[in-house]
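Quick heads-up: structures coming right below.
Each of the next two complexes has chain A plus one other chain: chain B in the first, chain C in the second.
Moving on, here comes the complex of A and B:
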């Protein structure tokens, strides 16, 4: 205890310094560090005037954040061509896919603008767009001083253009509002199958859902290490978005419908329950034995190893397994659109890796020139010739891409059959990742023995409460 | 401020005292420091400690601050909601499911690792050629990153081509199903961390004094009696240190469970850490994730305080200071 006669002791001073240090240094800076994501940035397109010139920013540098992926790898050798065209140096930082969105989210939330361009999937726009972290590219496309006459934005498939455009009002359809990213590469979710085995047994791919289930069961022989169909089942939103939501949509089921300005969950409708129960039964009886851990590399590995006879997932995920030497079943695989819905629907969910501009970028024109070049016809045609799957431009698909598909039976037919109805089949809403992961948890619980109807009713009620906050 | 400079006195060593007649400091004498500098010195010496304390406290205070905000990715301009996040989390059945999973995981893994670790340490204490080899092999799991270890085990668990089902003839037994995933996660934790307990306890056993054992041997005590009455009480503080480390670590378990199951199937392996990760990183509800972490911190703090108290008591008992 301090004696009154001693006055202010060293210990008192240290205590006071500690408190003052904490109070004055830490607390006021809390709101400035990490919370708030910084200021909202005005769109930079209107600042660009004059005539279009690729060399306008020669000598500058653009920084891009990417994750290693066939799309990125096919563009990597072409980056020097961008530098030759524009005089702009490209610094490309790669972050593995497992931690990519954590890194991206942290950077965008911090508002530092250290990367000008980043790779992003469509669903992420629903999360990164509302806080103002992404630049609306519509004014850039419309500005002839910033965009080359040859760019031809309309050449990009409509389903892809709309998938990266939204007005951020839950339930409002995609294609409204700003253009938050430009599709760069994409994937349709269709069925890849072991054609060599099918041909040897005289089996034809099943064209409707009932026959598909039966065929998958018939193909399954656990003692032989063979099962009917691989599809994802892990606890993740990514379990819902490929084959599951594709077939769910083909069967006429909805995730949400807008009624009186509210999103009403449709996962517990009679039709939806019946489909989801059938899907889980299919997983149990003709799917991978450890379905609840299965992600896309597990599914494509089993297809390539000859364990899975079919795989309902992204076409570009199964595509590499058919390349010579890439897997045991290389050369034996083929594709088809998968089972149609009762009304003949080939509604298909797509995934698109797109390029977006950081709203906090200090070098927006350079960023836009890079995006414009990478999503342009010339660069995309060259990239398709190496490792690129599913170009986003119709002109590139019709010319270069078709020539690379000779050894991939059915790929072209499947693509052409679904591309007209290929789009994001989810209703856009800002709680997408949580409610969609919860959906995968519900399917896992049903797989584990829960009653499908009551579990899906619980899930639908919980999802509805979350999306309407 | 006057500065003391080390100058050699031209006339060699002079009389005692720091300064020569001309005011210059003599060789070997302490530097001249002003009263002000002397008074300031303790505070300056405290500055690094203060910086470290602030450095440690800053993330903690920031996390606590987040937990009273409504900060999410879709609401980047949050405001203070005080304890609304705590009320929401405490009312959420998923949180209580996570508490249950975390508690079962922590207790089961710690108990199994401790028992196995002590047994292995006792076996390795008998010096032999095989024992020496095992001592070196034992450390291998600890040298593998838990994420890598979990990836290896995930492949071994695979019912399609995994080695376990093949060797034990288990057919398509699913090691990571809703009913088995938690036990399998505990198994992997035991594989990684039992050597840690064994090594810690072995070091403790080897530091025990020989005299009490020699004396009881002379008195004709049996092995079991010596173990129960002598070795175990003296080993107890080392075992408790291992228990504290493992239990605290298990309460915060994340990496290998996430690789194995991502917290599923359903909520079967969703620990509090995985819940916090899901909320903060996947769902980008930063405030709710921070609330999870704050509640986990309270749990760890209370448990640690209790276990450290038990450890102190055990140490005093081992030293004969307390019955």
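Moving on, here comes the complex of A and C:
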């Protein structure tokens, strides 16, 4: 008997490398094409006839895919009320934020319909909508057999309704085409600041961009562990979407413009370069020391710990830090809209966690009843009494939510100042995540010493090529 | 004249001092994440990100993780997640041992056309990124009803446990002198009997080591239970990350407490079979 040869030859290694290379190229391509999920599912709204009845599907079960969030947590105790109202059992699966979209993407690409309803952000519609993974909810809203007379879709802020609606043509404005999700909770990107420190030093929040930069620099004292303003800087699309794109838009800059049916990148215009250079300089001189790793938990942590004097991020991300006992600076924080643009613009980018229906769901009416209930006035009013931030309905904001804002100075004023111009400030396009992450890398490179103008020109050319494919 | 050294005593040289400092530094470096996790698990919500070493320690986080509040936060009963992990990983290792030991023996003792390719193919399960194959696996699992089932998890974890067990045990069988089995065959044993009564008892420490290693790898697996299960068959790794929170409310302290609790079962298992493990890992280390 001979013993087998051991170890790998060079040829084996080359074969292995080849297989891995081939696999890593082919399989993602297949999955991007929707392997297993290629089938287009017809809209189910027209099948619902007769009169509206919450109890129509009593005894059935609806499965929800969620990620932990104050929105989700405030609704968790109310789920039994939905079951009492409809007789439908709710199975809510919770997936941590860092892995949520990996799981959701796999499920939708797999076309399984294992979850009927899922939480989704507006930008994800630009990726999940075109392959037919999401149900258009417009026919459901319009169908009186499926939707209660009391639902009042128009009560949801217009900027939110349009942010979750699109016709899937790159560059086409939001608000056209189907309604792919119903906004459930949202957040405006404004500035939270350490009011106790500001008051003690007699400082007022800066109302314009020039003064804001100067104030942030003046507040910075690295020896005392204090810096002016926290905002995100990690290699991620999420670095661009909060404070950065908000201020970028207020300064009158554009990401893309449509010319002759093509998207033309605007990140390398003179005005845009000037702003972005100033933004990076601000990060270097008055931002967190390790800015290029910063994500929102880092920014809000520094605000809560008293290291950051201001934080330009989502209002509902900074909001929890002011709750009694939640942070060192709890009770000391306040909010304002942030610096206006040169023309007084308060253009603000929003994030909305919305509820969407899986187009492959086998239980579409139950799914719609759940979405309708969760985004309805009654449930939302109850939810905002606990942990819910920024309800999507004007009636709920004006009634229940205002009463919860007493201990959050300036929150209401900031909200009311920006809500009229709060919407998705990006131009919708299907390569959003790739091109926007590339944008964050360009900012990091400038932070690392690259010339702003040439780096942004390179980035703009590369982004333009990608979005016009 | 140099002092005579007693047995076990080392001469104090600059090199030896440097080596000792380097070892201590390495231990501090290697153990620091565990220490940090322990400290974090003992902090309350307000102190979790505002303190380093000076804080008011509390054991409350461990209670929260195992309590109804923990379940409310994560929608998962953490105790059930631990039991599910034991079931999934224990089952996966058992199946891999039942199939893998004969496979490793055959691979170690026989060479046939394509045997190396077969072994290489099995090893490729380990180096292929899981996310690369997860979409087709998800489709298959949902279509044949294995999604979110213990059986499905045991099956998919074979991708983790089987290659480890087969490859580790193959080297044990190869290192074992073939003469022992030849002697048994001369004494009238069948090949099967020679395998079960001669070869198998000799590689018992190796089996323990391979089983433990593959159990730990299966226990730590995250992607398969994340995608291929929801609540019915989900494991402790997925449950731990659910404590991270979201939307500005992060519970790093609860996550650290959950991670420490989650690390206990493999740790206990490793300590229980430590004797075999040491033998197993050093088996074949000194060869002519």
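Basically, the second predicted complex is superposed on the first by the 433 of 469 C-alpha atoms of A that agree within 3 Å, B and C clash if a C-alpha of one lies under 4 Å from a C-alpha of the other, contacts with A are read in each partner's own complex, and residues count from 1 in each chain.
Note that a residue touches a chain if its C-beta (ideal position, glycine included) is under 8 Å from a C-beta of that chain, and two chains touch if they have at least 3 such contacts.
Just so it is clear, the structure is predicted and the values come from calculations on it, not from any experiment.
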item: Touched partner set for A:91, first chain B, second chain C, both or neither; value: second
item: Partner chain(s) touched by A:58 [first = chain B, second = chain C, both, neither]; value: neither
item: Greater residue coverage of chain A in the superposed arrangement, chain B or chain C; value: C
item: Chain B versus chain C as contact partner of A:449, first or second or both or neither; value: first
item: Which superposed partner A:109 touches (first chain B, second chain C, both, neither); value: both
item: Chain B versus chain C as contact partner of A:76, first or second or both or neither; value: second
item: Touching partner for A:345 - first (chain B), second (chain C), both, neither; value: neither
item: Touching partner for A:441 - first (chain B), second (chain C), both, neither; value: first
item: Overlap of chain C and chain B interfaces on chain A (superposed complexes); value: 27, 30, 35-37, 102, 109, 305
item: Chain A-facing residues of chain B, complex; value: 42-43, 46, 50, 53-54, 57-58, 61-62, 65-66, 69, 71, 73-78, 154, 157-161, 171-172, 174-179, 181, 260-268, 278, 281-285
item: Partner chain A, residues of chain C touching it in the complex; value: 45-46, 49-50, 72-76, 107-111, 115-116, 120, 124, 127-129, 131-136, 138-139, 142, 147, 174, 178, 222, 226-227, 230-231, 238, 241-242, 244-250
item: Parts of chain A lying in touch with chain B, wherever the complex brings them together; value: 10, 13-14, 17-18, 21-22, 25-27, 30, 33-37, 102, 105, 109, 127-128, 130-132, 222, 225, 227, 234-236, 288-290, 292-293, 302, 305, 307, 430-431, 433-434, 437, 440-441, 444-445, 447-450
item: Chain A - residues contacting chain C, complex; value: 1-6, 8, 12, 15-16, 19-20, 23-24, 27-28, 30-31, 35-37, 63, 67-71, 73, 76-77, 91-99, 102-103, 106-107, 109-112, 114, 296-297, 300-301, 304-305, 314, 316-321, 325-328, 330, 353, 389
